[in-house]
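Next up: the structures, one after another.
Common to both upcoming complexes is chain A, partnered first by chain B, then by chain C.
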Partner chain A sequence: MAAALSGANTLAPRRRRGNPSSGRGWRSPAYLFLLPGFAVFSLVMIYPTVQALIMSLEKWSPAPGVENTFVGLANYAKAFGDPIFWRAMANSGVYTAVTVPGQIVLGLICAVALNRALAGRTAFRIMVYIPVITSWVVVSVLFKYLFATDGGLVNWLLADATSLMDQGVDWYNGRWTAMVAICGLGIWKGVGWTMLIFLAALQAVPESLYEAACVDGAQGWQQFWHITLPSIRRTTLFITIMLVIGAFNVFVSVQLTTNGGPANLTQVPLTYLYRQAFNFLDFGYGSAIAFMLTALIFALSIGQYSLGSKSAQDAAA
Partner chain B sequence: MKSRRTIGIALAAISGLVAMAACSSPAPTQTSVSTPPSQSQPAGDATITYWHAYSADSQEITVLEKTVIPAFEAANPGVKVTSVPVPYDDLHQKLVTGIAGGELPDVVRSDIIWVPELANLGVLEPLDTAMGDFQAISQAVYPGPLATNKWKDHYYGLPLDTNTLVMLNNPAAFDKAGVKMPSTLKEFAGLADTFKAKDVALYADGNLNGWNVLPFIWSFGEDIVSPDVTKATGILHGPQSVAAIQALYALYRPGAIPAFVTQDGATDPADGFSQAKYATMMGGPWMYPILEGSFPDLKFEATMLPAGDGGSISVVGGEDIVMTSASKNKEAAAKFISYLLGEETQKEFAKIGQMPVLSSLAGDLTAIQPYYATFSEQLKTAKPRPATPAWTEMDTRLEAALQELFLGGGDVRKTLDSLAAEFDGLLAQYQ
Partner chain C sequence: MRIKQKKLLVAAVRYMVLSVASLVSLTPLIYMFLTSLKENAFMLTSPADVVQGNKTFANYAEAWETGKLSLSFMNSLLVTVATTILVVLLGSMMAYALARFEFPGKSVFFALIILELMIPSIMLVIPQFVLAKDLHLLDNRLGLLLVYVGTNLAFNTFLMRGFFEGIPKELDEAMIIDGAGAWRRYTSLMLPLAKPALATAAIFSFLGAWDEYVWAMTIINDPAKRTLPVAIAMFSGAHSTNWGLTFAAACIALIPVLVVFFIFQRQLVGGITSGALKS
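Now for the complex of A and B:
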């Protein structure tokens, strides 16, 4: 950290000497290099986003040549008064609260375990990572059958094979039992990714820190708590932000296992907006839901980043 | 810093303007931008794209791509047909995306319930004006399936295949319980306990939507909307509709209808049916090749749906064939549609469970497949689902309301009361 600080000090005077009009101003070649990338970004991100924003303010029809009616914030107001929308938001909150810590804890455990010299280490790493590269569609259908009421493997294990229960559970007949299956799928499929990122971070922790800690008498758990965790703090922040974004965008698994049912109990924002747009052709309402979700994720990401950066600075200080 | 911010604002403004310019590009004010057939390319040297949801689980796609299309291309030199199979569950979404993006194919095999919606969006070519032989074909097909193509003043398609649901029953389950398949709903429901004593569920189904529930409401003697499809109040919550839902709920509670009926297809009843865990399930003619393929040893029978006070009333299913307004090869597309409705093509598909729509083939049906006898009989009284663009949303709401009712045990009458009011609002949008 000291080296980093001294680096910052040596750079500071140079930055002050820079001439905005010749090197770092808007005529800087750097912007020219950025331009093609920004043009592509505008085309594939900004343009559709602006289109969707306009759509959310209209009663929009997909039909060719139809004049769309401007309805102001009516679609947003509709969402505020729609109990299914709020339930969908709550469900994605529950999904986030369960799957993000689940993936982080299990991913970190796997990473720490597989960071040691261990026979068959590569094979174990591949096994944990395989769910990440499998298709969401395939594993969602697989989980649908695993948790099926009649003939599902989970119920067979609980009721027939082990007699842990008298009879199987109607997993997809209740909000929370269905969320167990959906969250289980989310964690199972995501652990490999968090493990991989954590592994990279763990390998970057200098061995000298552990040696110094060892000299000071710190053992296994103390080393993990005082050396490993602080060293991978920024990685953890990155993983958390990415997982939260991903969790609020959960779609395929819910669409294919419960389709938001029964009775809309397991709707999440994306399945609900998909239904509004593509089943009911209410693209205006669907876009409004998309923007409200975007705003929430954006605020959460900024909040996490600020908190994470602040705590990293506090730790450094 | 200031200059960087200026650049950022400028670029944002430019991209915003680009977006707005794109949004405000001149748009035609008519709801349809169809090109008259005379302006489209002639039939020679044309490629037509055909979207359909023929099943890969049976021989449907093989027959289309290996037999029907090659025969059509041989008979129409220069015309090529590109077959695009789309899973049924994805086809509606693909059509909507295609409409929004202006990327529709020339010909679509559409579920009969989507035709009013697509016609209302102005993306279908009225076939009664686009096809020279429309009159002749329309007189050769059954009037019921033909009616599913009418929206306002035009016919936007022709029926391609028709079907209905009958009751499939597993004789092994009936033998186990020592009973016979009854002909009335009252007797049918009365068998629930007898089957339960043998660990068999009376009747299994995977969904509670209109396709699965309307036969019960109709057979009890009620409907869900008025004949002119303008209102549901006074009909959907009538005493017989309430009685029909109560009867289903009374079977669901003790497990005579397995719990997964509320799970929107999470469990396929065919698996348990094949093992005689469920005595009956509803099925269409397409189920024969699927069941024979998946469970070669299964013996099953088909009977008419058990009758209620309103008779034995099933639901009309099937597909229509439509041409899009955006097609650049309307003449070739019209030829392809005519070919699909030819006797030979209809017979070819009849062999694999696609029931023909030509009345002239009625006498040949049982010779082609003996199982068509029950379906032909059931079709005589079967009813179509309401022909309205609002049906998709009505159906979704019906299913969700019934799921809530079955899981929560609410008041059937109150549920149907509020559903009727919701349906009225949805139907009013298209009057």
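Now for the complex of A and C:
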């Protein structure tokens, strides 16, 4: 950057009409404004991204005296033959398939209920939003406690208070029961966010559309299907993409409740890569898993985006 | 008459939906608070006991003093405040450059920021650990600060740039005619006008750094340097968990978050929804 600054194009005119910069080309003061932030950003984000790619192609250990050797795609091949890796991916898939629709449907229901004037509207909105601002660590520990086998609130509600079950469930000791608790936490913590964004989108739907529909005789459900849902299509697409990214990033809730156990049954990709890196010191394998997960998230985001924009065009046509 | 009945029914359904949603949202947190008022809650007795038993704030005093939570609280406060100031300062400078200047390489800067926005932050924890090790920042609060600033910059720069672009360019031009340089336009035009965006960025960085757990858990070993999320996880990770003590610590950690949320609720909601609706 310093070389770029000194190699300034002195012949460039000082000022260009309509552009409020006092310098242009390589002499632009913009570089000085970018420099400090971009230096930190490069050091902490960009350099590690490149470093991760290189490490994923190496047998890399932080242990002293161990030489790091280039192994090509061996770490990636290892993942493809690793049943725990596939199980972790499958668990993430289940978590996504449950929590994304769950948050969207429940968030939309709350948003619709809040959309028109109502006494206590702000209070309701705040109450549903509070789980969103509590930290993942706190709520993960809390859900470990709520779903505890002996004396946990959930088992008490199911077995003691209502007799829905003969005895409590050993939630965190089985793959699917643990997934129920982990997905439950994901939905509980996320509904407030989807509600808030859906609510903003609903508020932006022009009232004239509803009035026109009323004139045409469309009521309640018909209005919802034919006016509300098409109007918030782009917001729904945005929410879906963000939630899918978030779902594949699930980490703290799993680590603090089951830590991937029992016997690696509840691993998700991030808990598994963390274990490979910081318990087994296999930084190369951990980085390879990280790259595959990132590639998957990119592909899913782009896929959803193009599908979503296509269906939006079809609807407009 | 039928229309009136229908309206009443709709209102009743809306109240029912919202009451159930609020109840489900708050019950776990209220239950957590009630547990924090119970002494020696090693063994879980029964929820009835949690609700009806004796209440005491003894856990709070114990967590704060013998549990060394006061140290963790100060560590969290120090790192979080420094992160917030640096993210708002460096981020707004970058946002100003990207919103107001044309220069070679601008699209590259922009693409890199967008790219890093999409990369999950835990994905970088391995190479960041190696970096911190090389810089001798393991077990060091500066290591926390550096990574928190870096990880929060992309999103908040993006957020502030959007706001800066909405400020009329004519104001800049008027100042240029008056002979104001780029730095003066930034400090005495952009920053004062962009206060709502700066506040939103400050809240996001504050909440992000205050609740950060994975990086802090990865590089901090010394109990005296722990931040609150790590301390709370340690309270509950001990072999037999004292739930009363754990949740007293959790409630203490929640207080600043709730305070910030209630004071800046409008900026927060505005920041969250504006990004979503523009996309």
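Criterion: the second predicted complex is superposed on the first by the 267 of 317 C-alpha atoms of A that agree within 3 Å, B and C clash if a C-alpha of one lies under 4 Å from a C-alpha of the other, contacts with A are read in each partner's own complex, and residues count from 1 in each chain.
By our rule, a contact is a pair of C-beta atoms (placed from the backbone, for glycine too) under 8 Å apart; a residue touches a chain by one contact, two chains touch by 3 or more.
This one's a predicted model, so the numbers in the text were calculated from it and none came from an experiment.
In the superposition on chain A, A:148 makes contact with both chain B and chain C. Measured by the number of chain A residues touched, the leading partner among chain B and chain C is C. Of the two partner chains placed by the overlay, only chain B lies in contact with A:63; chain C stays clear of it. Once the two complexes are laid over each other on the shared chain, residue contacts for A:280 go to chain B alone; chain C is not touched.
Legend: residue contacts after superposition of the two complexes on their common chain; A:38 is shown touching both chain B and chain C. In the overlay built on the shared chain, the residue A:263 is in contact with chain B alone; chain C does not reach it. Judged by the touch definition given at the top, the superposed model places A:51 against both chain B and chain C.
Legend: residue contacts after superposition of the two complexes on their common chain; A:138 is shown touching chain C, with no touch to chain B.
Shared contact residues on chain A (touching chain B in one structure, chain C in the other): 20, 25-26, 31, 38, 46-47, 51, 62, 144, 148, 150-152, 277-278, 283.
Residue ranges of chain A in contact with chain C, taken from their complex: 15-16, 19-26, 28-34, 36-38, 40-41, 43-49, 51-52, 55, 62, 106, 109-110, 113-114, 118, 120, 124, 126-128, 130-131, 133-139, 141-146, 148, 150-153, 156-157, 160, 188, 191-193, 196-197, 199-201, 204, 234-235, 238-239, 245, 248-249, 251-252, 256, 270, 273-274, 277-278, 283, 286-287, 290-291, 293-294, 297-298, 301. Residues 3-4, 6-7, 11-12, 15-16, 18-20, 22-23, 27-33, 92-93, 96-97, 99-100, 102, 117, 121-123, 258-260, 262-267, 271-272, 277, 325-326, 392-393, 396, 399-401, 403-404, 407-408 of chain B are the ones touching chain A in the complex. Residue ranges on chain A touching chain B, taken from their complex, read 20, 25-26, 31, 38, 42, 46-47, 50-51, 54, 61-67, 144, 148-152, 170, 172-174, 257-259, 261-264, 275, 277-281, 283.
The part of chain C that touches chain A in the complex is made up of residues 11, 13-15, 17-18, 21-22, 24-26, 28-29, 31-32, 35, 43-47, 86, 90-91, 93-94, 96-98, 100-104, 106, 109, 112-113, 116, 118-120, 122-131, 133, 146-147, 149-151, 153-154, 157, 169, 172-173, 176, 181-183, 185-186, 207, 210-211, 213-214, 218, 229, 232-233, 236-237, 243, 246-247, 250, 253-254, 257-258, 261, 265, 269, 272-273, 276-277, 279.
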